[in-house]
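Please go over the structures that come below.
Both of the next two complexes hold chain A, though its partner changes from chain B to chain C.
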Partner chain A sequence: MRKGLRIADCGNGRRIADGIWQIAKGVSGLREADFSNRLERRFATLHPCARIVLCALSLLLIRSPQSAILEAQAAPRGKAVYDKWCAGCHGDDGAGVGSAATYMLPQPRDFTKGVYQIRTTASGELPTDADLRRILDFGMPGTAMPGWESKLTENERTDVIAYIKSFSKFFAGKAPTAIAIGKAPSSSSEGLAAGRAAYQKLECFKCHGDAGRGDGKSAPTLTDDWDHPIRAANLAASWRFNGGSTVEDIYARLRTGLDGTPMPSFSDAVESKVVSDEDLWRVAQYVRSLSPEETPAVREVIRAGRVEGALPSSPADSLWAQAERYFVPLTAQIIVKPRWFAPTVDGVWVQGLHDGKRLALRLTWPDPSRSPDPAWDEWLGRVKQSVFEADGAVPVTQAGDRLVLQFPQRIDEEADRPYFLGGNTRRPVYTWRWTSNPDQATEATGTGLGKYVAAAASAVTHSARFNAGEWQLQLTRSLASADTTKSPIFREGQAIPVAFYAADGSNAEDDTRGSVSAWYAIYLDVPTPPRVYIAPIVTMLLTAGLGTMVVMQAQRREREHGRSNLEEYR
Partner chain B sequence: MRRMLLAVVPAFAILACGGAKEDAAEGGAPEQGEAPAGATKVAEGGASIGGTVKFTGTAPANPKIDMNEEAACKAKHEGQATDPEFVVNDGNLANVFIYVKSGLPAGQTYTAPTSPVVLDQSGCLYKPRVFGVMTNQQIEIKNSDPVLHNIKAVPKENRGFNISQPTEGMKTMRTFAMREVVVPLECNVHSWMNAWVGVLDHPYFATSAPDGSFKISGLPAGTYEVEAWHEKLGTQTMQVTVAADEGKTQDITFAAK
Partner chain C sequence: MSRVRQALRHPFWQAFILLLVAYLFFKFGIAYLPALLGMHSAPVPSSVIMQYMFIALVGVLIHVSSDEARWRQFKEPVQATLVDRDKKWLRLSLLVLVPLLVGFATYQRTRPRVDAPIELRSIHPAPPGQITFRGKTIPLTGLENPLRKRGSMPEHLRTGQRVYYQNCVACHGDRLDGQGHFANGLSPAPASFADAGTIAQLTESFVFWRIAKGGPGLPREGTPWNSAMPVWEDFLTEDEIWAVIIYLYEQSGWQPRRWEAHGAAEEGKAP
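Then we have the complex of A and B:
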């Protein structure tokens, strides 16, 4: 089973060592079996030292019977690594049903099928070793699969890949080859428009939605090869793409498809000229343009700028375009029971503005469903079927969506912040609780996730809208507190601790099943004192004035000097 | 150090192992399902097994399909579109896949027909819904709808595929290399769209027609294990013995569950 030169096979130090050991046993026997006569003749004329070096290096490069033997040797070594680090999720037999598997969605890969999402090979083909290595090294963002690059050694990773391949009979056949991928056309605004048009023509929106947020009409019905529900990717969050976020990565996914998922390959469509290769590149560029250029940085302090006029009245208000957006990542709530390991919302964008009297926050987060929505009943049913009901029965009917903001009851920079998961009875938190059904926002005192007492009258007002797979919510409250024993005064120039909780009712989420953030802070910008503006102007005028005086004096002196010279000459 | 090595290695390989690449391309395991060398022949016996698939009891109503999102597909249906899980006419059942499971002469291999089997997507349904092919026989998948379909095969013994057909008239050829009864095919854009293909390494299979009739011809004399498969009703197997050139009638009955 000899294959072509494979750079991907390079870099394994032990292969050299194994090779040298083999050479010590007898170079000629090994080489005769492996190399062509031509090569062997050339090889025989070399200096013995050069032969040893060449043999060792060749072992690195050529998938010869030797490397098959090495791989066969690697697999048992890989078993030890696998049993220790992988089996908990992927199962002892590689079928993807380890003890932790049923808590998750998406569930761990079933290695017995040899079906992999992220490949450089055609639809239905096996992945290359380099493809497997990439996933092992960098993980699958948005799933429970972490990257192992820093956790396992080079040899351990090589070995474990050999072992993982041994779970599927398909790897015994012909080694797969990567498809050829050309170069992206240079990007332009016309190119993006063409990409948008092709996105429409190819009906990408059927699953991914018009704005790409994974809210297409078919999205609630999608299942993977194991009949588990699976999300259409949110194309506006490229940092979550499993196969990478560059235009080239996206184009590769369009060409190869994501096997085991509903995402098909468009290679046949290109080959039969249903779509041009350039248009497919345009789609990739357009998809990339839906996300921020850079992965959003996580900043702990959310600055709320001060506006002189009126505050925005709704999340659609154009004033919000001026306010900086802050990304707050959210993660599964897996501490307080009932826990939830597969939440929908993985981040909230926060903007803040205040006018010295009131604070307005705009919160936006992707959520493919406006819960409750009958179209998503099927999704909820599948979620319920697929996950292990570890902490009691998962809801059978969709609740509304919710977003909860929590603050300490008093802003005291000296004291510790309350417990981040909704406070406790010793240190309750002050919360803003918004639900989509009914659409309302209330103030409440919280003593733990899901444990709260709503205030008799709410000082927080809200405006919510659901737009193409995204919730947009504005919450507004006066800086003054209606009851300083339960709610804090928001002061300018002060960092106000805040934490977030989100839940998607269509995904079986509720008051504790959802996603949470750590503590962040909102800082209300102080009004700029007038001297900040005046001082530079005064300084500028003084400098200009003094400068002019110096120049004028010099010119006068020059003129007088010149005149006296003239008189002397005469 | 490793980086240096990586830079040096290809240089060495090109210089010294000039012949390695061509050499390395040789050999390798045979393609999966490639017909082993030896006698191959098409169906050439004179016997046949045929009959009618009957259905007893009341068939459940076929599920309604909401095609409001796909006006072009909806227009191809008169009235409410339904998913034809049970096609029963006068007590006869269609879409049953019947095939010879075992009993053929050992070592005998058969050549796949060169003509493809056509799988059409029309009105957001697969036509045919249940069919058979031989290993490595071409399946021509075609889209007769002006909407996006993806065709995903989810086999166990074969490699799957998932291809998109975004426009009307697009055709794609695919094959399956290994015997497998049955391989599910599905469209994820239209979650109701399902088809099943029985892949066999011999030509002795048939699918029951709307009147329930089927016929497997060209069989040599022998005793065969015959299996009948239905998407909702499961399988049943039977022993059938045919003499040379005999036209054997073998009716099959499925009962409502």
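Then we have the complex of A and C:
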């Protein structure tokens, strides 16, 4: 009984847990000098029975005593895992400044502050163990953090979470609890309209932009708690959402906010009836509807369909709505100096059409800024401060945006291709190079990334349009070549190798700092030649004829054989 | 039931089952059975399957025709299908189905195809005997990692980790599986060091050559125009490369392949 009262004397859950653990182990000797704060003292003045009841209640709410002790034992084991697999980015001391820190944006989490973006707990609270575990297991899409489920064992992951928590003193307190999240209302077109209305009402557009492409007015000014520039998420690319891409994930982010970033929690808005809970779900559904349902698949061959009438004249032409869209992923140019570790553009959507005489390509890619734009000077300055610069100083002024397509100078399946990264002097590439400032597209010969010699007269025509955080560009050229030594003839029914390069001037990008693709192929559809139908018919007739002959011959032989047998019998 | 047993004893159906089993083995067995034992494998290309099947067919025919009685028995069902009155419908349906199949196969071959041109690529091409590293000639044959005999290993590992995380992690990934955050969209995909088919098969000198000279330093059979591997001699010192190699083997848990004692030059070549 005496010991029981001492348990009730303990102030917080952790110490109750420790007390019970010690009693369970038969160790006595908890001292009464453990009262440290006012709350605990007030608690101690309560009637003993009330204390016991309160403690018993709180025991139900907090984690079990064993888990607290086990965690204390797990942390040192977690250190070995952390030092091996995590320290390279998050640093030996967990402050998020490992070797790789300035080679990526967003930069690695600083564990010492106890501030976490992806939680199921209220804004300003610590994440639950399950929250940390989810990030550890599945990673953070859109950042450099991979999922570790396949690499580390169950025990290793439990241990490393205990160790990560030990970097911040805040985890010593009461374990946080997840907020209750209801169920999504079934989606409908009215629901999406309501979601759109709530999107406007909650002023999501201020950062995320009207079409959700992360191009809002405030987007260039956004920083995280560590003063690094941070993008307003492009809501049309759900596969890069840090906390997952389902409607439930998005709703959870709306309710909890992304701590450490400018993304607020809208729980208060729900409680104060600024927006109904249902409408917040509608916002989540609306946001989800901005992205394709599936993560776009990468296909190596881009088919350009044949049109009988006129080709589209601008990227806004309605004909483009019928042309198949191909997603070409772009990746950071970190191959030749100066490398660039924080590119804006991570993919281009490509469509192609031809009429037997000319080829038209439509390229669309998200870019929150129409560079150069003075509003983005601030952004560029912060990027310059945050990102590795040793390959050469990052520009201080904004260049225009650009998009470059490259092809081999001659299309020959037998010959070696030029180097995918802009060709070289030995095997140059033929390029279409578009810049936003001045708005022009030129044909040029490329002898290495960023090394262009423009053609005397350009045969490629263009039409560019910047629309709510997205560039839309149409490039058109005749299939015939003006100079076959420098530019290829595009033939129908032939795979034409093509590679892409994109740069965002407001993000300090230029002719070499930007994003690149591997080689892809454009295939100009041909009307199906008649032999495709004739050849199978001919082979079918031949086989059928041959089969009939074999059968007839076998039967004749059988008959003769039978007759001769009969004669013998006679 | 007895009909099934009878059929199983018949050479024609034995041959048929044998060929079917052989096909299933070539098509799926080779691809998936070693994986069950934790071994690395890959599907067999269809042209190779055709070759294997041809050999299997020849073997089966030799077997059935080696014995006069068996050969006669083997031909019986074929002959019966061709002539027997009660097999008229089977005969007719085969006369329709087989030409249809041939026609379909012809169509598959002649229809316009939109596959990208196939580029055969040798994953571990033969290394040169020596390379020039920033003007200095380094013979690769028989070359060992000099840092393993010099300086302190913890220091080399620290340097290696720094070099890896600043330069390699974006593509090869922190799990060493070739799935770094910038790996998406690269073709060929960055090498996975966790895979038993990469650094585990190579000498440290081979890895040094691949890092120092990168994609553009590949011989033609390695399709140098496609590889996104940078030429690291432009960024890293000789010792930094040797240090990151030590780190790679330590972190992945593999052992580098060793040179044989009597200078076997072929060792550098991995399968």
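As a convention for this text, the second predicted complex is superposed on the first by the 463 of 570 C-alpha atoms of A that agree within 3 Å, B and C clash if a C-alpha of one lies under 4 Å from a C-alpha of the other, contacts with A are read in each partner's own complex, and residues count from 1 in each chain.
We adopt the following convention: a residue touches a chain if its C-beta (ideal position, glycine included) is under 8 Å from a C-beta of that chain, and two chains touch if they have at least 3 such contacts.
Just so we're clear, the structure is a prediction, and the values are computed from it rather than from any experiment.
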item	value
First (chain B), second (chain C), both or neither touched by A:Ser265	first
Contacts of A:Val274 with chain B and chain C, given as first, second, both or neither	first
Touched partner set for A:Ala518, first chain B, second chain C, both or neither	second
Partner chain(s) touched by A:Gly98 [first = chain B, second = chain C, both, neither]	second
Contacts on chain A seen with chain B and repeated with chain C across the two complexes	none
Residues of chain A defined as touching chain C within the complex	84-85, 87-89, 98-100, 103-104, 143-144, 146, 148, 150-151, 298, 300-301, 303, 328-332, 334-337, 341, 347, 388, 413, 416-421, 424, 427, 493, 495, 497, 517-521, 523, 526, 528-529, 531-532, 535-537, 539-541, 543-544, 547-548, 550-551, 554-555, 558
Chain B-facing residues of chain A, complex	1-5, 7, 10-11, 13, 35-36, 38-39, 42-43, 46, 53-54, 57-58, 60-64, 113-115, 123-126, 170, 172-175, 201-203, 206-207, 217-218, 221-223, 225, 257, 259, 261-269, 272, 274-275
Residues on chain C engaged by chain A in the complex (per definition of touch)	79, 82-83, 91, 94-96, 98-100, 102-104, 106-107, 110-112, 114-117, 161-162, 164-167, 169-171, 173-175, 177, 179-187, 216, 220, 223-226, 228-231, 234-235, 251
Chain B residues touching chain A - in the complex, by the definition given at the top	2, 5-6, 8-10, 12-13, 16-29, 31-32, 69, 147-148, 150-154, 156, 159-167, 170-172, 188-191
